[in-house]
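After this come two complexes, each holding subunit A, first together with subunit B and then together with subunit C.
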Partner chain A sequence: MTILTILIPVTLFMGVVGLAAFFWSLRSHQYDDLSGDAERILFDDDKPLPAKIARTSAKPKETIR
Partner chain B sequence: MMSNLTGAERTKAMLITGIGVLIGLIMAAAGRNDVMGAQGWIVLLFSAVLFFLVARATYDPEPTEDRSASYYDDPTKVGIILALFWAVVAMSVGVWVAAQLAWPDLRFDAAWSSFGRIRPVHTSGVIFGFGGNALIATSFHIMQRTSRARMPDQVSPWFVLLGFNLFCVVAASGYLMGVTQSKEYAEPEWYADIWLVVVWVVYFVLYIRTLARRNEPHIYVANWYYLAFILVVAVLHIVNNLAVPASWTGAKSYSAFSGVQDAMTQWWYGHNAVAFFLTSGFLGMLYYFLPKRAERPIYSYRLSILSFWGITFFYIWAGSHHLHYTALPQWVQTLGMTFSIMLLVPSWASAGNALMTLNGAWHKVRDDATLRFMMVAAVFYGLSTFEGSFMAIRPVNALSHYTDWTIGHVHAGAMGWVALITFGSIYALTPVLWRRETMYSWKAVEWHFWLALSGTVVYVFAMWNSGITQGLMWRTYTESGTLRYSFVDSLVAMHPYYIARAFGGLLFLIGACIAFWNVIMTIRHVPRQSPALDYPTSSEALEPAVPAAE
Partner chain C sequence: MLLKADATFVYAQQPTAENGKKLDPYQTTAPPCVAPVNNGAAPVPNRGDHGWNAGAGKVPEIGVQDRVAKSSPLDRAQTRASVRPLANGHGHIVLSVPAIHCGACVAAIERSLNARDDVVSARVNLTLRQASVTLASSATDPLPMIENLAALGFDATHADAGGPDNLATDPAGGRLLRALAIAGFGAANIMLLSVGVWSGAEAQTRETFHLVSALIAVPVVAYAGQPFFGSALAALRARRTNMDVPISLGVLLALGLSLFETLRGGEHVFFDAAVTLLFFLLAGRYLDHLMREKARSAVTGLTRLSPRGAMVRQDDGTLVYVQLADVPPGAVLSIAPHERVPVDAIIVDGGTDLDRSLVTGEAMPVTAGPGDMLEAGTLNLTGTVLVRALRTADTSFLAQMIQMQTAAEGGRARYVRIADRAARLYAPVVHTLALATFVGWMLATGGDWQTSAFVAISVLIITCPCALGLAVPVAHVVAAGRLMRMGILMKDGAALERLAGIDHAVFDKTGTLTTGTPTIGAVPDDPAIRSAARALAQHAIHPAARAIAQHLTDLPATICGATELPGFGVEGTVDGRLARLGRADWVAEIAKDSAQTGSPAVAFQGGAASSFDLTETLRPGAADAIAAFKGSGIPVAMLSGDIADRANRIAGAVGIADVRHGATPAEKIATLDALRRDGHRALMIGDGLNDAAALAAAHVSMAPASASDAGRTAADFIFLRDRLDAVPATWRVASETAAIVRQNFALAIAYNCIAIPLAVAGLVTPLIAALAMSGSSILVTLNALRLNRAETPRPQPTPSVSSQQVAA
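Right after this comes the complex of A and B.
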């Protein structure tokens, strides 16, 4: 089963990528306001917001409010 | 549509389609002694038509609309139409394949119409043609809306959508000519595989670029599901299709792996194609369109995130349950089985989360067939994930494997979950996309719903019955220890179920045709209406997410 020497590392690598993505999301304040995040998609004006806000969005969301 | 492209974008599009024509020509010339030549002509024709469409708009005036004030929906619209087109074509082929099993004469004695050639046209057509186009189209919609940002450019979404369709066309036409590398759901040959990698990388980059432009700081959970779909499918596709072409001028390659190694790679791919193509992306659809349509936030957003990470980490290990009782080492089989059972937790978390979201909105489910599509999809998702975990248990698999039960399980998922959530999403999306008041006919949506549901139920019950009958007949021994039934005995026992299956599929197909008609009529005949909340948000005070009082 030499194939497992390829498949298991590939699978573990994908797991590590997933883990890195998870930690990134945790550290970039993705999970700070879950109920607000769930509600916000419902208030859809169907137009993109002006790009001005885009620059502030890099910071944690408290600064926008 | 083409005149919405800027001059520079038109030039770029002409360049890309021109290169497509060139590639087609090279394939046609180099592969002239092989079926690859015919595939080359298809590539050439496809690219030439697109080149012509762009070239016709070369001297159109530059677009004047303010791009930052609107989402880019043209590729989404075309993607929805293409998805429905593929649905009708591939489901028709599916009904035909099913009918061939009941009445073998329906092959009409042609080589191209043999079961082995048209079955992959059906499977690839529904999974990639219908499912893939629907995923690409809805992902374009959702990534822009949830990011509140427009896509970064106007060429790459077209490249992704049309490039993917070129892959589908090359794949399907190749099957009819006998081009296949005999790997389930990965049948296309090396040149089509390489092309798909190019398309997929552009898709991933486009998604990340859009997210990078987002005005909404939070990345909505649906995006995570779509991203997992794109990223994991890329890795699976590349590893499983590692092959050495027999020659650069022919459609024949040899896999880099052999024997059980190859089988393990194939089912590592195959099961994760189910996981990340047919589940993850469609969960993204569910997590966006279900709350939107029900006008309620998802019951537990925290749980939706938890189940995302659960699915991402568990699914990838489950593939080896396809190889129980084979040359695969026992511990690898057990590993796959264990992870398959663990998967039930995040799967049911998603299904339950969807149904709990509807708690308190059941009157809407009763009145609105679109929402009912999504509700029933969630139920079937729960059902088929339970069934999947159950069938992955080795002794259960001893009965179910190689029987029609597997086909029934796949279709409970593909028809009941994937197709129903897609149709629900299309009905929710079409009026928004084309700025129409409603769908053209709500009665047609109702008809479609009941046809789809009854078709699925008839199909799945027929396959459950035939599968378990088969499984039991194959393991029945006489007193002297020989097999009680010959294979042909079990085949004869299948006949009524095969007729029922074709009938169930036919009901489902009629529903899909109604959907296609309804969407076209909506676009053509329903009066325009912008969405209720469609006001330009040029000032920050109108940011809809945060009420002024807070």
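Right after this comes the complex of A and C.
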């Protein structure tokens, strides 16, 4: 039964990681435009982001990620 | 010439397009990726919508570029004023682009905007149908971008600055979602540990499991329970009970008892039940919130009708855009065609025709000249006028209407939601029962207060109204989804409850039973007159002229020097003779016989004048809607601000016997208040500014998407499609939902009837509690989902604009 002292913390840790990942995705506006993002994977232009866009990416709300 | 004529025909059709189609007036080709024309979020074209798409030019062949130039100066100034400066020196504007509906649109718009030098970045949100554009500087003019989009075939307007840009601006929803995530995390982990206990963990192991559960449960309940605790506290402070009181009590008691048992080393703890309960209830509450948020953003997405500023004429004659709040009384404003009057004003110079339908309910345009009063919200149709502001925006007609509306809402605030009514009955019964159990066990066990308290609390836990808490919101969420597919927005679940109980229906006339666009009845017999009339009508922007141009099928005559005189009509030379179309007395000036003719009339110089019989267009489905209510035994009345003649004619056409005409806003409220005092619950359907207060005073209200801003704010439901049978359809959905809610309550009560005796007998273990509570929640949810299945096949399979717009 001593294995539980390892397993329980491991379970909780994994749970917390999942929770943190969810909060991160929420905060980085990944749920703002679900239907748009579904279409975006079909776009061809997988170019690296132009420099001028990358520059403003500090403000994710207004800019292209 | 023929080509020109055809172009005009489309142009003339556009603003009336009743079937919800959004025809592009200037383009013969469809936008790049538009398959059916009616996809867009396109706030259904309406008579008030004289924005970009209606265009302001009288000449038909307007290129894409001109259309922006042709838009009113006020529109352009408002667009410029909506650029927000960002901290890093860039500007930011959100453009509402209703025609976006697919990935190709997104790609096309982003590629075109990002290629511009004055754009730092542009990103399209397909869900909201908005383009978020970061401009090189806050002084960048956004108009070229709108032109750019117009060239691609997308009409764009600037979105409301205060509008919901994204989820981040919805703090309540964010909090609920975080609480839900944390409750879900807690519920999953505690359930995992509970399974161990139920499988027979003993002694030390069990106590460890209990302790770990407690460590998870306490912070989780403390965080995720806040929405319920807050609401319960607020209710208790106001000396009321609502559903959150028994919920909070159940959760807190379960937590407290379990903590006590954990410390005592007891066998039964209820951490899993408490946290799972929170999880289920939060899920219900979040869905409910999401539904309202979606409706709210869809409503804000509709074109805004009242101006946010005015073009004020300076001393040197130049026009300067001034925010609405800063327009002083006495300022001289310039109002171009297709603009709405921003504040109450008096005409100083110029003549025009006015559409007062949203303000007073008059269906037909009226002529105005110097000295005439204009109420804020009136639509200027044909000529540019100079007006002097009489009042500030806060004291204008519009603001008075909004005050009236706030005052009228008092009656509705007294409505108590069904869940709270249930809680009022439920809470005392359950709490008395728990007390009785405690006393009973004390007597039976001879004063063993620990056992007695355990049993009494387990009664409270098992009766905790999980199913009751879910019974209503889940049904409402499913109903709201179904309504959205029908193109109907519901603002609040409570409205659905109220709608189910109506016993009266009151309709406004102009803009509700009718579309607000005139149509013509009788036409002149002489083909030469008809073709001249059509040619003249094509050169005018008056709604009557549009109706004539659209209705007549004759080939338009060749015309020279057509000019429109605002307030009078249009004149031009056809076959070398002067011809006029417009006001009867003005046309009579050139006609041979000045016989009594109605307006609008048409005549050649020296010829006989003949008139067109102008009538209002019934909204499609109006008669069906009235018949549906009558067939269900609900009396229907009409409450119109228009004159008796027109009100009676429309009432006769749709079959309403109870007609009140010429009603002022105050009289409309009085009528609805009288109905309320007599114990009736009235449904009000209206659209105008003058209806806004009545919409708020009614038991429940609906407005079309073409309604005034104030009307849309006041109404509980907004139907986006043109057909009026959306009203009885909504009512049917409300009745079905009410039935499902009643079934859910019955299920929840039946569950309690089984669970309570077990609890009172002290037989409830945590396993039974967990099973019973989850079981009843799932049962209630599944029952609510039946609302989707009940959907009858739609009369017409119209994959319309509106449904896609909202469902997306």
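Following the convention adopted for this analysis, the second predicted complex is superposed on the first by the 57 of 65 C-alpha atoms of A that agree within 3 Å, B and C clash if a C-alpha of one lies under 4 Å from a C-alpha of the other, contacts with A are read in each partner's own complex, and residues count from 1 in each chain.
In this section, a contact is a pair of C-beta atoms (placed from the backbone, for glycine too) under 8 Å apart; a residue touches a chain by one contact, two chains touch by 3 or more.
Please read these numbers as outputs of a predicted model, since none were measured by experiment.
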item	value
First, second, both or neither for A:V10, with subunit B first and subunit C second	first
Touching partner for A:T2 - first (subunit B), second (subunit C), both, neither	first
Which superposed partner A:S25 touches (first subunit B, second subunit C, both, neither)	first
Comparing the two partners subunit B and subunit C, which touches a greater set of residues in subunit A	B
Residues on subunit A lying within both footprints (that of subunit B and that of subunit C)	1, 4, 11, 15, 18, 22, 29, 31, 33-36, 39-40, 42-43, 45, 50, 52-53, 61, 64
Interfacial residue positions of subunit C with respect to subunit A in the complex	86, 88, 90, 92, 102-103, 106-107, 111, 114, 120-128, 132, 134, 165-168, 174, 177-178, 181-182, 185, 188-189, 192-193, 205, 208, 212, 216, 808
Touch list for subunit A against partner subunit B, complex	1-4, 6-7, 10-11, 14-15, 17-18, 22, 25, 29-31, 33-54, 57, 60-61, 64-65
Touch list for subunit A against partner subunit C, complex	1, 4, 8, 11-12, 15-16, 18-19, 22-23, 26, 29, 31-36, 39-40, 42-43, 45, 50, 52-53, 56, 59, 61-64
Of subunit B, residues touching subunit A in the complex	68-71, 144-146, 148-150, 213-220, 228, 231-232, 235, 239, 257, 260-262, 264-265, 268, 288, 291-292, 295-298, 301-302, 305, 309, 312-313, 316-317, 328-329, 332, 432, 530-531, 533-538, 540, 542-546, 550
